[in-house]
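There are structures below to look over.
Each of the next two complexes has chain A plus one more chain, namely chain B in the first and chain C in the second.
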Partner chain A sequence: MMTIDASGMHYKELNRLIREGIANGVKKFFIENVNGQYYIGDGIKGDDVVININGTPGNDLGAFMDGPTLTVNNNAQDNVGNTMNAGKIIINGDAGDVVGYGMRGGRIFIRGNAGYRVGIHMKGYNEQLPVIMIGGKVGSFFAEYMAGGVIVLLGLEDDDSDELDIDYFASGMHGGTIFIRKKIDFSKFSNEAELYEIDDKDADFLKEYLTDFANSFNISIEEIYKKPFYKIVPSSARPYAHLYTSA
Partner chain B sequence: MTKSSFSNIQSEYLAVIDHNKCVRCKRCIQNCGWGTYSFGGDKILADHSKCVACGRCYTYCPEGAISIIKNPTVIRENANWQEPLVKNIWRQSETGGIVISGMGTTFKYKKYFDHILLDACQVTNPSIDPLREPMELRTFLGKKPSKLDLDFDEKGEPVLKTKMPPQIELQTPFVFGAMSYGSISLNAQKAMALAARALGIVMNTGEGGLHDDLVPFGKNIIVQVASGRFGVHRDYLNSGVAVEIKIGQGAKPGIGGHLPGEKIGIDISRTRMIPVGTDAISPAPHHDIYSIEDLRQLIYAIKEATEYEKPVSVKVAAVHNIAAIVSGIVRAGADIVYIDGYSGGTGAAPIVIRDHVGIPIELALAQVDERLREEGIRNEASIIAAGSIRSSADAVKAIALGADAVAIGTAALIVMGCHVCGKCNTGNCSWGITTQRPELVRRLDPEVYGERLYNLISAWSHEIQEVLGAMGVNSIESLRGSRERLRGIELTDAELKALGIKHAGL
Partner chain C sequence: MLKIKNKFNTERDISGCGLCGIINAKKVKTNGSDIKKAISVEHDRGNGLGGGFAVYGNYPDYADLYAFHIMYDNLSAKSDVEDYLRNNFIVEKEEHIPTFKTSKIFDHPYLHRYFIKPKSDRQDKLFHELEDDDFVVNSVMLINQNYDGAYVFSSGKNMGAFKGVGYPEDIADFYRLEEIEGYMWTAHNRFPTNTPGWWGGAHPFTLLDWSIVHNGEISSYGINKRYLEMYKYNMALRTDTEVITYILDLLIRKHKIPVRLALTVLASPFYQKIDKMENDKKKLYTALRQVYGSALLNGPFAIVFGYSGGMVAMNDRIKLRPLVAASNGDFTYVASEEAAIRAVCQSPDMIWSPKAGEPVMVEFNDIKEKTSLKGGLLSL
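Up next is the complex of A and B:
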């Protein structure tokens, strides 16, 4: 176990200490007084490494990360899980823009809301299945160019409403699945994707993840199941195949 | 709408077989990736509509029985309604598609390299004989410190105190341009890897990941990170000598790329880390980079992931405000800026972009070098110039205009047999270069073409040494950014000003 007091510390020094700790066999980190330091967990490896972050981490939290678990006991900022390969990021608050850009594996759980451009170009590969779960709502340009993996959007905030508050999304989606809780205005998502009711297989799949999510944040699973789930999948793995002609 | 099969577009070339010479060995049928030839029972038949003049058939015809000729049936000449324009109108009216093509622009824009002349020594200062005297071509790419701090050891000898930022060491100022596995074949990449290792230079993965077979060549590879983030992970970032963030490409500034699903076989799927058969779409921008500050963020995310041991390069297309853009990139922390001019090649680009967007590398380079010097930050990053470097002369001129090194892409493919037919996007390349069809890829022997690439770069390097010697300098460093050694010919005042050179005679 290693505790780092990050107050007044530059990110370069903080991340060097974490990397050094991992190289020396430290499995559990507590980072206190984090105040906007970028790149925490950037490019680190090790499935059994756990990092607890107290305070607000800066941009690119867990970028290129490959295995560890990061728990943020507060809000996070932009670019959480950028091009992440494996691991888990748990955020007990809101996240900023561009969550999980190009993410290929692992899980990102956000208790609250996330900003614009969430899940752009996420992609699955073989057994790698990236999953982003968002308790609240997201901003515009959500799941653009999504190529694989799973995004679950719960909309637990203002739960009196039966309709999900979301703007135009899933442009260029050509892989993966988006699960949404509550219905949406059909005109707000792209022509490249289609909406379905979930089937038993989807429900089984969701159950595991919803349970994990609920347990991570002490939310009652019954609360989550109060509203119906729908899924959004791409119409084609090749949305632009007919756009071109060869000279 | 119902599609009519009738087309106005006639064959561009005719594959003419001299049946008196033909021995019906069928090698042409086997060699043509386009399906032009077939056997009609007693003779070879040619479907002219499929011929792209890639040159494979006549190169491999043992009897010299094949001629590829331009179809003499003319579209009536008209200087305004030129043939390619008319054909594209037909093509688009028949398909409704965006016209795409491979390779760089076919437009006849002014080639500034051909209007720049080099200096040489006469009488007042001696030229140097490179056959007799050492001539240094070694080039280091990366951030250079603005000053050096020295300490002195107990013997009073100076010791460098300044910690040098990471550098790429090139034995000669050439790199191979970024061409992904997917846009080109693995054998084409292997040929470049073998040549790069033998020459002490580097190749570039492009946005296609790093195939397992290329991992041992890490010391001669720059790995690329582009908007699709294909095959990008922690170990990938650490597997080469540098990491390049691709923002733009000279042939298609401002747009992304699509590797069509039919080219994503098992091996490419594994290298790009995406499922078999899906389109590999690189969005036009990186959606985490909407500003210079965002670019800085990605540059340092990569530096963190590589523990500050690799230079980070940023590749951009040469566009109108390139000097200000590059200044921003350098201030964002890039160690190398790769500038790709509008004549640069591509595996596929809409021709409306390829032929009409961007500016020449010569002008971009001169402006960037000037701007960075003015701002006192030229040492902060090295510059790689690209966009149709066709000869050692182009390379020398680019370096005198301010480049640290030049990148070659199309020239490297020409070494492998490419006849610049521009059909890279179709995946039928008869030379095994821009194709993933195993029977075509197999014919490109990496050892053979690795050696030829080695020969070309060695020859060009010797030519550069000759030129340096003639100019009376013994190191490529001495020519870098030395525009006083250049003169323009047949250029306007505005062009001379943009290039920062005097007219010949002055």
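Up next is the complex of A and C:
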């Protein structure tokens, strides 16, 4: 176990300490008084490494990360899990813009809200399945150009309306799945993807992740299941195949 | 000698920039240490080629006079400009702007300030009579355009801009901001993108009481510039941010458009949103887009804009730059990063990310009481 007091520390020094610790076999880190340090946990490896962060971590938290678990006890800033490959990021507060940009594996759980452009350019490949789950609300450009993986938008504090007050939802989506707990009229947002009721296979898949999410934040799973889930999937894997050529 | 006139080529670089603002709605004053601390958390957003601050309420003893901050390349420029000032203004007081040379900021222009008011028998009266504010605007434009080696970087009442080439925390030490008190502060850390880092090009950009700090790139600069030139504004600084200052001056001071509406000119709702509005509102927003299409700002931006009535922070219409806001009692904080706010206010009452194009507006309590009586367009 290693505890680092990050107050007044530059991100270079902080990341050097973390990398040195991992190289020396430390499995559990507590980083205290974090405030704005960028790039925490970037590119680090080790499935059994766990890092607890107290304070507000700076931009690009866990970028290119490949295995470890980061737990943030407060809010996070922009670009969480940028191009992340494996591992888990748990955020107990809100996250900023561009969560999981180009993410290709691992899990990001956000208890509160996330900003604009969540999960844009997210992609999956063979066994690689990136998953983002958001307890609260999101901003516009949600899942733009999504190419793979799964995003679950819970909207736990949302009202019962069938509206989503965002623009450019899943525009250009051509892979992956989005789960939401509202039966929205998705044709208003995009004609490249469609909304369906979930099937048994989806329900089984969701169960594992929802349980993990609920346990991570001490939320009752019954609360999450109070509303039915719907899924949004692309109508075609290649929506623009015939943009410039005839069929 | 350091040249402050901008004669550089334009080059491109990657973009960053950080900004912060602190306002107390009851006009309780604080010194510059908080804003310095907040912006220094965003140190890595800049590259040392520009840092600056605007403060309001710092000249209470000269509150009725225009406070001109002028930077000079050389003493002959200074003497030319001072001739102009003496011919046209009553100069109540003039002095060096107090500075403290540090190892970080050692090479700088002459920095002077003047507390002045336009003479009643000034030159322009021969041709046409201008309001004092208009005369001051003309004078600022004239000096910045025609007096080589001189640049007016602050011209408001009971406010001042303090800026230069360096990291903002070093600029704060250089201008001894810990000894200055104000009820509203804005700060900027520059990462120059399209124009070089020079003393005049640092933010904030000010004109009269307007001050702007900006993170982003105004791709509509050409259109905005040509539009403003029709109203005799002179874009002497070749940087996108100055157009925002002049647009606000034109809309709010000259055309008397309420602040909130003027902001919807800068970041107008998209037509598909306008189409869904109720009839009166739809008419108003359509008219604003039609009349002020050339004042629309395109491209990514986050700005913090200060004026005598309060502070506004806002994003472009699709949120391409970061902005976080927080409130704690009578204080409101805005910044590019949450960490900057937490550095000076660890647990605010509320902290949030404003939506794209939706301004965070804070008016001083004494102003609010006045404007709430007006109603009208504001209520839309």
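The rule is simple: the second predicted complex is superposed on the first by the 231 of 247 C-alpha atoms of A that agree within 3 Å, B and C clash if a C-alpha of one lies under 4 Å from a C-alpha of the other, contacts with A are read in each partner's own complex, and residues count from 1 in each chain.
Note that in this section contacts are C-beta pairs under 8 Å (C-beta built on N, C-alpha and C of every residue); 3 or more make two chains touch, one makes a residue touch a chain.
This is a predicted model, so every value here is computed, not measured.
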item	value
Contacts of A:15 with chain B and chain C, given as first, second, both or neither	first
When both partners are placed on the shared chain, which of chain B and chain C touches more of chain A	B
Partner chain(s) touched by A:77 [first = chain B, second = chain C, both, neither]	second
First, second, both or neither for A:42, with chain B first and chain C second	first
Contacts of A:246 with chain B and chain C, given as first, second, both or neither	first
Partner chain(s) touched by A:147 [first = chain B, second = chain C, both, neither]	first
Partner chain in contact with A:220 - chain B first, chain C second, else both or neither	neither
Touched partner set for A:96, first chain B, second chain C, both or neither	second
Partner chain(s) touched by A:24 [first = chain B, second = chain C, both, neither]	neither
Partner chain in contact with A:139 - chain B first, chain C second, else both or neither	second
Intersection of the chain A residues that touch chain B with those that touch chain C	11, 38, 59, 78, 141
Touching residues on chain A, where the partner in the complex is chain B	11-12, 15, 19, 38-39, 42-45, 59-60, 63-66, 78-79, 82-83, 85, 98, 101-102, 104, 117, 120-121, 123-125, 128, 141, 144-145, 147-148, 172, 174-175, 237-247
Of chain C, residues touching chain A in the complex	41-42, 44, 318-319, 322, 324, 337-340, 342-343, 351, 353, 355-356
Chain B residues within the chain A interface of the complex	88, 91-92, 94-101, 225, 227-229, 232-235, 237, 258, 260-261, 269, 273-275, 277-279, 281, 283, 286-288, 297-298, 300-302, 304-307, 350-351, 422-423, 425-426
In the complex with chain C, residue positions of chain A that touch it	11, 35-36, 38, 55-56, 58-59, 75, 77-78, 94, 96-97, 115-116, 139-141
